[in-house]
Amino acid sequence: MSFPLLTATAALPALGAIATAAVPAARRTAAKWLALLVSLATLGLAVAVLVRFDPDYVGPKGNFYQLTESHSWIADFGVRYELGVDGIGVALIALTALLIPFVILAGWHDADPLETRSSRWRPTQGFFALILAVEAMVILSFEATDVFLFYIFFEAMLIPMYFLIGGFGDRAHKDGEEVASTQRSYAAVKFLLYNLAGGLIMLAAVIGFYVVAGHFSLQTIAEDGLPDMATSTERWLFLGFFFAFAVKAPLWPLHTWLPNAMGEATAPVAVLITAVVDKVGTFAMLRFCLQLFPEASKWATPVILVLALISIIYGALLAVGQRDIKRLVAYASISHFGFIIMGIFAMTSQGQSGATLYMVNHGISTAALMLVAGFLISRRGSRLIADYGGVQKVAPVLAGTFLIGSLATLSLPGLAPFVSEFLVLVGTFTRYPVIGIIATFGIVLAALYTLVLYQRTMTGPVKPEVSAMPDLRVRELVVVTPLIALLIFLGVFPKPLTDIVNPAVKQTMSDVQKKDPQPEVEAAK
Amino acid sequence: MENLIALLVVAPLLGAAVLLCGGRRLDAVGHWIGTVLAAASFVIGAILFADMLGKGAEEREMTQHLFSWVPVEGFQADVAFQLDQLSMTFVLLISGVGSLIHVYSIGYMEHDERRRRFFGYLNLFLAAMLLLVLADNYLLLYVGWEGVGLASYLLIGFWQHKPSAATAAKKAFLVNRVGDMGLSIAIMLMFAWFGTFAFGPVLEATGETSEGKLTAIGLMLLLAACGKSAQVPLQSWLGDAMEGPTPVSALIHAATMVTAGVYLIVRSGAIFNGAPDAQLAVTVVGAVTLLFGAIVGCAKDDIKKALAGSTMSQIGYMILAAGLGPIGYVFAIMHLVTHGFFKAGLFLGAGSVMHGMNDEVDMRKYGGLRKYMPVTFVTFGLGYLAIIGFPGLSGFFSKDKIIEAAFAKGGTEGWILGGVALLGAAITAYYMTRVMLMTFFGEERWRHAPTPSPAEPSVEPAAETHGEHAEPHPHESPSSMTIPMIVLAFGSVFAGAFFGIGDRFIHWLEPVTGHAHGHPPVSALTVTLSTVAVMVIGVGLAYAQYGRRPVPVVAPRGSLLTRAARRDLLQDDFNHVVLVRGGEHLTRSLVYVDHTLVDGVVNGTAASMGGLSGRLRRLQNGFARSYAVSMFGGAAVLIAATLLMRAV
Amino acid sequence: MSAVAVHSLWTMAADPIDKIDAPKIEYGQLSPTLIVIGAAIIGVLIEAFVPRKSRYYAQVFLSIVSLAAAFAAVIALATRGYGTTKAGIVAMGAIAVDGPALFLQGTILLAGLLGVFTFAERRLDPVAHGNQVDSFAAQAASVPGSDSEKAAVKAGFTTTEVFPLLLFAIGGMLLFPAANDLLTLFIALEVFSLPLYLLCAVARRKRIMSQEAAVKYFLLGAFASAFTLFGIALLYGYAGSVSYATIAQVVDGSIENVTPALAETMGNDALLLIGAAMLVMGLLFKVGAVPFHMWTPDVYQGAPTPVTGFMAAATKVAAFGALLRLLYVVLPGLSWDWRPVMWAVAIVTMLGGAIVAITQTDIKRLLAYSSIAHAGFILAGVIATSADGISSVLFYLGAYSFVTIGAFAVVTLVRDAGGEATHLSKWAGLGRRSPLVAAVFAVFLLAFAGIPLTSGFAGKFAVFKAAAEGGAGAIVVVGVISSAIAAFFYIRVIVLMFFSEPKPEGPTVAVPSPLTMTAIAFGVVVTLVLGVAPQYFLDLAGQAGVFVR
Amino acid sequence: MNPVNYLYLAALLFTIGASGVLIRRNAIVVFMCVELMLNACNLALVAFSRMHGNLDGQIIAFFTMVVAAAEVVVGLAIIVSLFRSRHSASVDDASLMKL
């Protein structure tokens, strides 16, 4: 029994969360540093996972999960504490562990208590503890190879997220805290109810799966193959799972919680939602929908692709129509999630590799854009695009980073998102040409909403309110620079990532028994 | 030797990185760094050129494979370069003209506190453009393709504080994106049908593919070309792009970037050769655009916009030629190069004029400048002669060849295309003469206190550029600006002859593009003579209109066509009404839908649940007896149900 | 009465004496119940003879000791295997000592113990005239607001009778799920109901409401038990016997020596069905299933909160135990008849409880409706008619009861001038004012909502799994839907506590004595342990999941 | 005579009692109606006991009487205390808690 690396990767932030929460009210800064260090240490562990991970690993009896751990947990429910990763999981764990330190750093002052609160109220500690808790749960849900185990963290994740959204709004609303908080708690409740509903539907399906399969272990399935279930059962179960993931992802028309949540939450939390937590949904589609219910997945593919397509176009169009920076980014994310889901269900290697890369890249790019937007908002105290103008003149660095974030969002070649988006498009196109072509309109719209946003906020004559706006501070630069560097690096040289992802995708493709459509000329030769 | 190829791209890229990340401490030296690195890539290009000349025509192509870019199951995209004669031509043009314009900008942007950034962008552009022409597969080309789009976005919007500039930049990028869509779809088609998108395999595979598929790919590529090269229907951005600093207009929107479309079509020659319909479409687009641009050019009073119109129409010529297939490819490129020289020269001249005239761009406020800025006058004049195709100068050779080739297309098509080309030549002569006369001849209209121009702002935004309305003191520009103009003037004079005489250029490019000698229905001489003739007519008309009588400071209302032409033949209005307004309505209504419908459904269920709850709640009325009733009823139902169960 | 009848009575009575053998009572196996009942009687004597000052201490001591002892006895029995291998019918077939009985008795005793703690709490109310007071009226008999009441308060009277009453109730509850014939069932029912009626009436604050609650509870309870009794009568009439085993044999027709009378009644299914229905209805009343639930909100709201907590926890346990035994031991032969009906009841109970709870404004009523919804969830497990079904219900009951007691204990802490501040609006911003209490309550709410890693989730999963395996997929779907609805109002309370600004004149949080703290802490611990590592207890419930017949 | 008739009588009494509970306002009367229902049960029990010729039913009847007595004690205590604090024994007046 080797060192349980995966457990450690998740346990560290969990313990860190408890420790942070326990820091006495007065020692606010200490809590911040503690949280930051913990998240960095977690990043270290994640790197260790990356190192220990072998892309070309071939497990015994076709069990392709690596670094596995397996202990009995709740025998009566056939639940095992079973961890293991494939390339997709590793990539997303790395992403999570990577983003959290930036989130913490970016939110450094977001939770400093207002004076009106009593001394027993410790928002700062709570804020950072919750972030770490979310990290732990997200990582675990990426590692879990037991359906039930996954479900537990998939659901439990909601609670800390809920408090993060509802408890910590923009400092924009220092005045009229009351109004802000009602708005916020509405958003928080909406977030929770949507996802809880999805999760409970999934619970029914999880139970159903147990009744059919008699166990929850993906590793067992990898070894002994799927339990045979009636077509109708499989479809119902698939729908149960997919519904939950589609809410989390979010897929049109289940998306409306995201704009509220991201709009009301502080920028770092918004990043946490869209860049980290929502990825669990798309990841789960790959991991559970496709691997547990291959037939049903194929059966549902047309509908899902259409929904994804709608998400892409619809999200982009709504992004164009937004007056609120954060809501705009939210709708942009909806559009991007459309791409991810499309790539997953196109059932081609390019599509799925692209989708996986997309999860990572979208995480980084949205983080970059959203965090900079957060810095901007924290300076002016307003989320309305109309309140800005000419920022570029007074804060060139901020504007520059914002521009790069925007360019990444419109997936400019040379930046990471381009690679994934193009892969998704190609992968879809080879099997569903029409859908692929319509989806490409998304890239035009993306250019529209990002550049309009940039133009309205950053260019033009300097608005008096922003004339005194300071440029990025050191802390903020420390947050943004690495992200941008990463965007460029992964845009130019994504090979390290693809090497990890490809074998896993190949595995999934074989699980769903799909072959890439062959180019005819090659066939002719 | 191959390993040098990467340096071509890396050098300016490095420059861009250093300049943009370097921060204020580089302000002092920034422009030098930029220029040096641009020149460096020109030098490298020259070395490679020399090396290439040393080899036989067939083994001149070199490739350099850097690394595998996106290795995914069944999908191989590499970062690899391919330097053949075609690419080499572009490399020299880009890095050469580019370096010159760097030098020019040193003087031109002297008083701009953000000069370092400007040079950073210029370098970024060079890098992207070189990547575009050096890539050995379409995906990498796409990177360069969008890269130049980005650079042009940044440079057009360089004076961001001007809303007009910001808007123009955004517009340019968006219209280009539409074109890029075409390119990406083309790549997808290639991948779907050939399983690859590297030049070599794709162009080979064309042999075994149906014409329909090639046509599809070709049309998509054409769409891309239209976007980048400002061809109808995607031409609307080029005029506004003149918001950018003049060197930008010279480099990007005259000499290099806008010609990328031509490069794309010529590069994909094999595909178009297999798809006559696509070729026809290309020629049509080219023909239409060359008239369109020419007409617009006639009506503009803004010197840069007039030149922009001319650029449009000249590129129209190139596209037309490219559409003609093997008989046209070489001439398309040749005209592209010569045009690169004289149009860049013209723009620099215009810049120099503006420099001397407090950035005034309205030609109606110029006049009689020849004695104040002689060098500008001479160089501009040479460029002018070159573009109107004055015999012996470079424009003459290239354009004439294209017209010949157009006739050589044969059949009615040939006659139509050739006729259009001739007509274009006439109009070119007309509007260029107009520009010349209004700027350098006639009385000095700028003397009397300049009134703010009455013409609609959409046409005349640059007037309030730096806002000072003092009477201008025209003067010659510093040497840093004049020297590049002189060099380019040389180019515009001799390049044509150098290429044309003895078909040097044809032999140079043939291995890549292939070449077929077209035979026009009438003798080449006739074509040449008629070309000259129409040129003379055009000049004459212009002189009659602008040389003899004085030019009014305030633009006369003009004919319907003139007014339409001033507004870019109403193309923008069309876009505005159809796309912008429509789009706004669409998004607004969608926002409403999202809020009421999609969200409403959910909130509705929640609300109705609450209502139901409220109603049920009233049953709990506090009266013990009603509780008893419910129990009694419940018991009754329970019993009845049990009995029923047994009954059924 | 006709002469024949008299004669027959006579002849029966005139049977020879030696045929009667003395009843054999297994005191050891009955010890838990006996201990508690005995302690209750002693408690009555204490009321009679111990001086007023020391009564409180004596009663608390007695109750705690006896309950602990009884619990120890249960453990001892369980470890000796009386729950599994040595399970059997005792007391001449009146009482069953088997796994479910012992498990539920253990649960009830622990709940009772915690109940005693909350009963004995005297730090919450402000000191009146120099003596600490608990949450019970100084003198239940005195009219609210009258001089006699003031006098009683001044004199420092306390209603220490609540402790013996509690013990009696617990005794009855211990017997209820173990009852193995209809008579014992009925007696046990009354034995634990009557004390509860009284306990509801003796609140110190809001006495009128308390009395009203008592009246409603009493009248409706009596009404229900009348139905129960009639059901018993009919069943007896059908089977000619009150012993579960015999009735079961009659129901599935496997009985020997059929007397002619029996043959006649056996033919009459109406007796059986109506009787069973009425009997089940009586039990459904106790568990608070729709449509027999309407007493629940009023009584929960009016009764003294410690009583509410105890009642909500223990009554459910006892009643569901009895229901299980009835359905699994007596009426398995009838399952095709009662399952559909119970399906319907379960569904309306889940949905009804959840939906009505949405618009509640009083925390105690809210919890009452949530308890109704939970009754529905448990019923989903009951109708699984499988060993898994039994054990899942047992587990759920164990998990649920401690959460409930803990939650109501927290309710007792939040107070303003008028006693407990139960109106939701007063809870606004509690999380800001005293994060710890709010956090604990949030944990309980999340457990109620069935969020993973809490006992609520494990329980819910267990029962739904059992139901699904029992082929009741529809129930599971309705179940998850109604838990989604239910989630809404639990969330609402959390929002209220954490995300809304505290009101300036809001309630204060009293610092309780170790007693209440223990109750709450125990609740939290159980919630988390059963949520994170439920396996041990699932095993326990699994082993206990077999009824002796 | 046929003991079944006793059952009919019992059912009748039970129903009368139940409807009394539903109809009457005065708590005492309501309570008396409950007692009536209990006694209906007793009648049924005795009748059945007679039919089956064993004593169980009659024993239960005895128990029932005791229980009824106990209920009287408890019930009257509660009702009287309510009456004293409200000066009304109407169950409908006792409706503070609702909704």
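For clarity, chains are labelled A, B, C and D in written order, and residue numbers in each chain start from 1.
Throughout what follows, a contact is a pair of C-beta atoms (placed from the backbone, for glycine too) under 8 Å apart; a residue touches a chain by one contact, two chains touch by 3 or more.
To keep track of the chains, here are their UniProt names: A = NADH-quinone oxidoreductase subunit M; B = NADH-quinone oxidoreductase subunit L; C = NADH-quinone oxidoreductase subunit N; D = NADH-quinone oxidoreductase subunit K.
Everything quoted here is computed from the prediction, not taken from an experiment.
In this assembly, the chain whose C-alpha centre lies farthest from chain D is B. Put simply, the C-alpha centre of chain A and that of chain C have 46 angstrom between them. Inter-chain spacing, taken between the CA centroids of chain B and chain C, is 81 Å. Centroids built from CA atoms put chain B at 37 Å from chain A. Centroids built from CA atoms put chain D at 23 Å from chain C. Touching two or more other chains at once are residues 193 of chain A. Listed for chain C are residues 215-216, 219, 223, 227, 297-298, 488, each touching two or more other chains.
Taken residue by residue, chain B touches two or more other chains at 606, 617, 620, 622, 624, 628, whereas all remaining positions touch fewer. By the definition given earlier, chain contacts exist for A-B, A-C, B-C, B-D, C-D.
The touching residues of chain B, when paired with chain A in their complex, are 20, 67-75, 79, 139, 142-143, 145-147, 150, 153, 157, 160-163, 165-167, 169-170, 173-174, 177-178, 180-181, 184-185, 187-189, 191-196, 205, 208-209, 583, 586-588, 590-591, 594, 598-599, 601-602, 606.
Against chain B, the residues of chain A that register as touching in their complex are 193-194, 252-253, 255-256, 314, 317-318, 320-322, 349-350, 353-354, 390, 392-393, 400, 407, 412-414, 418-419, 422-423, 425-426, 429-430, 433, 436-437, 440-441, 443-444, 447-448, 451-452, 455, 458-462, 492-495, 498-499, 502, 505-506, 509, 516-522, 524. Of all residues in chain B, only 617-618, 620-625, 628-629, 632 touch chain D in the complex they form. For chain A in complex with chain C, the touching residues are 72-77, 117-118, 120-122, 151-153, 155-156, 158-159, 162-163, 166-167, 177-178, 181-182, 184-185, 188-189, 192-193, 196-197, 200-201, 203-204, 207-208, 210-211. Chain contact summary for the complex, chain D toward chain C: residues 1, 7, 10, 14, 17-18, 21, 27, 30-31, 34, 37-38, 40-41, 44-45, 47-57, 59-60, 63-64, 67, 70-71, 74-75, 77-79, 81-82, 84-86, 91, 94-98.
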